[in-house]
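Here chain A shows up in two complexes: once beside chain B, once beside chain C.
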Partner chain A sequence: MATVTLNRAEKTYDNGFKALHGIDLHIGDGEFTVLVGPSGCGKSTLLRMIAGLESITNGEIKIDDRVVNNVAPADRDIAMVFQNYALYPHMTNYANMAYGLKNRGYSKVEIDTRVRDAAKILQLDDYLERKPQQLSGGQRQRVAMGRAIVREPKVFLFDEPLSNLDAKLRVDMRLEIKNLQQRLGITSVYVTHDQVEAMTLADRLIVMNAGVAEQIGTPIEIYEKPASLFVASFIGSPSMNFLNGTVSDDKSHVVIGDGSKINLDHQIESGRELVVGVRPEHFTLTVDGSGALKARVRMIESLGAETLVYLEFGEKNESVTLRMQGTHQFAKGQELALATTTDLVHLFDRDSGKRL
Partner chain B sequence: MYQSKWRSIANHVILILGSLFMILPVWIAFVSSTHTREFLFQNGLQFWFGGHFLENYGAILFDTAATKGRVTALEMLFNSMVLGLGFAIGKVIISMMAAYAIVYFRFRLAVPIFWVIFSTLLLPLEVRIVPSYEVVSSLGLLNTYTGLILPLIASATGTFFFRQFFRSVPDELLEAARLDGAGPLRFFIDILVPLSVTMIAAIFIIMFVVGWNQYLWPLLMTTDDQLYTIVIGIKQVYNSLYEGGQIPQFPKAFALTIMATIPPVLVVVIFQRMFVKGLVETEK
Partner chain C sequence: MKRVQFGHSPVPYFFVAPQILIIAIFFLWPAAQAVYQSFLLEDAFGMSSQFVWFRNFEDVLSSSSWLKSAIFTAVFSFLVAFISIAISLFLAVRADEVIRGAKSYKTLLMWGYAVAPPVAGLLGNMLFNPLMGDLYKLFNSFGFEFNHIQNANDAAFVVTLIAVWKQVSVNFIFFLSGLQGIPKSVTEAATLDCKSAERRFWTITFPLLAPTTFFLMVINLTYAFFETFGIIDVSTKGSPGGATATLVYKVYVDGFLGADMGGSSAQSVLLMIMVSVLTVFQFRFIERKVHY
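Entry: the complex of A and B
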């Protein structure tokens, strides 16, 4: 049981590249925290700094109340699961799981009980005497998790553990990880760039962008109140529609494109230019088309349970996406009127990209 | 079909001729070594066995007179074995450790040091043989196994191959081991060495054969017959074939030659198995 605290943690690599620009973060006891962000934003760097595999350039990292900046990885009481499993190929799965305990001087009996317990939890009982190559990808990943569990560490670290698995297995393993973490109650930090994984696993989500934590919050907070254009576009699929507009004279709505209106309940000075964000699932079709966005159907994707409609509007053919429950048919070029409600509209400053 | 059949026949003919070309001299030496010297002298080289196998090989193995010195072939085989094994094992150990330091430890001069080691690949032993001799003799190690083996033990080739291999081992393995509480030594012994079995076997085979076939260095190093290796022994025997006006001892010279080839062949055969097994098992 442990907390992890980062104070202005910075990382500059030897080649002078600044990968992290000061991260502040507090991870509570037993919390499942997910780091999400586009490739190269510094997720792995941050995780590896917590693990002690990368040094920290500035700031401090604490596990519980101990500053661990200069503590060796093995002495931080953490366990890590790697994307490519990183199992020792010449050892049996049993030996793979036992290795860390052996190095820490546990007795044979103790090691055996722990490994067998973990194997039972992970349904690996029958595979202990095999070598990692003789297992499927999912089983290997479970061995890697077993290696982490047997240590009973203070903190679990996962670096994209599921990205080498196929889609179906990924869903299964996701549930399994979540269950396991809740059952063991071990503080966890999980890196992914799959936002479904991020949304479903996280107690708390950290959206990173170019070495900065753009927003920290529960998945729902982040979905409902994205702090910036970046977060808004990154979380949610298909991603949020962004429409450039100007606040009307009476401040009651924003004028978009060729004069369509989106109603406002914020107090914003008239004439201000801003970006209006509406999620594809928050548009509805209106019948009369008054005060709504009129757009022409460009393409339809039917997914069975839902239908994605890609439309364009205005003279500049700006695109907008609509997501509807069930199946629907529209002709190409057909004009639809899209409406939304004021509380589902997100407003962002056009220059800074910050939420208004 | 027709064409490929002819091509395949042609291929086989070439292969068979090539094999004969290489095997025939060995075969002739072997079967000729089972005749008496008088018979061989009168009838020339033989293509089939004579009846004196035990007699000739027994003499050469256990009788110092047959080898023209004060050692038997058995003793020379033993010396060669010590040299070959010491040479091969020493090279594997030293070059593995050197490569480990170069690949896994961040020290300032790692790269230049590697290139210095690498450039010595260009210099054969013969270039430094005089200074090496000086050093060994002033250390009082002439006519000792240590003096015979130690100066040859550093290996640029081995270091180079191990370095390339270590660099291909995924970094995550090292990181996982660090998290598992394995220090540098543990990681080396528990992870790196087992992963390198294939490499070790390959380098061991090559180095054993090279060590076994060393001629100039043991010749310089050993003035005492007791330390002669079999390669020197062969030279000795062939040199003295026509001495003393007797009928030349060709069968025994051949027998000695044949015996000198057996241990390297055995090493290759035995370790090749391991080598292939290693290739099949650890595909990482």
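Entry: the complex of A and C
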């Protein structure tokens, strides 16, 4: 049971590269926080700083009320699950799980109870005497989780733990992790670049970009009200459509592309240039052709449950994506009229990329 | 079992022929000769010889000088292997931690590898020369009555020192690459699980280096047995009184300098048997424990 607090946490590497530009963050007791972002955004660095594997250049990191900036990793009472499992290959799975407890001076009986309990939870009972090489990827990752669980740490840290697993296993393990975390109620920080993992696991999501936390919020908040163009494009698949436009004289709509209009309920000065964001699932087809946007079909992807339609519009052939439930057939080049609802439209400043 | 049958083409045999020829000429034939000669008693000029069954072996095994040499070889080999492995492991671990100027350290530590054993022996000779050797003067200035020309232990010390120095760089290279083969995340996981760096080394790093250590042990024992010949021949020549003559050196001295071909051959046959037994022992009993 613990909280993690970061105050203006900064990281500058020896070569002068500034990986983190002052992160402020408070992770509540038992909260599952997910750090998500593209590679190189600093999410792993942040996690490793909490773990103590990277030093902190400026600011402070607190676990509960204790500043841990200079505390050795083993003394921070955290446990970490690594992407490539990082199991000790020369030890049995039992010894792998027991190692951290043994070094902390737990009694043999206590260690045995904890390891066997964890093994039961993770369905590893039959594999304890084997070595990691004799297990499949999913089982190895479970041993790595077991190694973290037996410690009963204050904080769990996950560094892309599912990236090395195949797609099916990844979904199963995702559910398992979520289940386990809810059951144990241990404060967790989870790093991933996979937005599905991020959306499904997180109590709170932190979208990072270039060493800055772009937005912090619940997954739904971030989906519904992305704070910037970056967040809007990163969360949601396929990515949100961005259309350059200008606010009309009467402030009632935005004119985009070749004169199509998207209605507006914000109070924005006329003539202002901005970016309109519409998620592919928030476009609808209008039958009578009175829609705001007329676009030509370029390509279709049928996924069974849904259909992705890639279209282009205007003289500059700007692209726009439409996501429809069920299966649909369109001819290439066919013109479709797209409409959307005012409250599902996101507006961003064209220069700063910030949400208006 | 279903066996895959390949068409028999003579071409592969042509490819391996040079290697087989080399092994046959430089190993199998001399070895066979040694076995054959070990049963013969030859006169000093090689004019006549007589088949004497195991008399050469009896002579060798009952001679005190051979026993002395065997004991010296065992102790010497163990010390050379153990000390050079220990030193190079220590150096490799430290060099692996260095961040600034790591390349220069590593290059300098590997340099010794380029020195041939006789050259190492020559260097040792100069350092321990009673007239101008720096180490000779240094030891004596500390009050040791160091004299490797007369004192057997001192002579053994000199030979061991040179042999270890020569071998450290080879071991260093292997240990360094072994250390770099340990995944970073495993070391990191260990820092979360164990606070004491020393304990981490003995419970994680060292066991993970065990296959490397085993390999080096085999290599180093072989080195101490055979390759130190050059060092011994240039530095002490087995003196004083055969105290620093390894079995291999004694084979050379008795056979080529003493012209006792039969006895020398018997010694080398014994040596072959000993090395075979040692190798089998290493692979049967130790290798099993080191591979994870």
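The definition used in the following text is that the second predicted complex is superposed on the first by the 355 of 356 C-alpha atoms of A that agree within 3 Å, B and C clash if a C-alpha of one lies under 4 Å from a C-alpha of the other, contacts with A are read in each partner's own complex, and residues count from 1 in each chain.
Assume a residue touches a chain if its C-beta (ideal position, glycine included) is under 8 Å from a C-beta of that chain, and two chains touch if they have at least 3 such contacts.
All values derive from a computational prediction rather than experimental measurement.
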Between chain B and chain C, positioned on chain A by superposition, is the outcome a clash or a fit?
clash
By the touch definition at the top of the document, which applies to A:G100: first (chain B), second (chain C), both, or neither?
both
Once chain A of both complexes is superposed, is A:I78 in touch with chain B (first), chain C (second), both, or neither?
both
Determine where on chain A the residues touched by chain B overlap those touched by chain C, and list them.
51, 53, 72-74, 78-80, 82, 84, 86-90, 99-100, 103, 147
Which bits of chain A are touching chain B when the two form their complex?
51, 53, 72-74, 78-80, 82, 84, 86-91, 99-100, 103-104, 133, 147
In the complex, chain B residues that touch chain A
170, 172-173, 175-182, 186, 190-191, 194-195, 282-284
In the complex, go through chain A and note every residue touching chain C.
51-53, 72-75, 78-80, 82-84, 86-90, 99-100, 103, 131, 147
Write out the stretch or stretches of chain C touching chain A in their complex.
183, 185-186, 188-196, 199, 203-204, 207-208, 210, 292
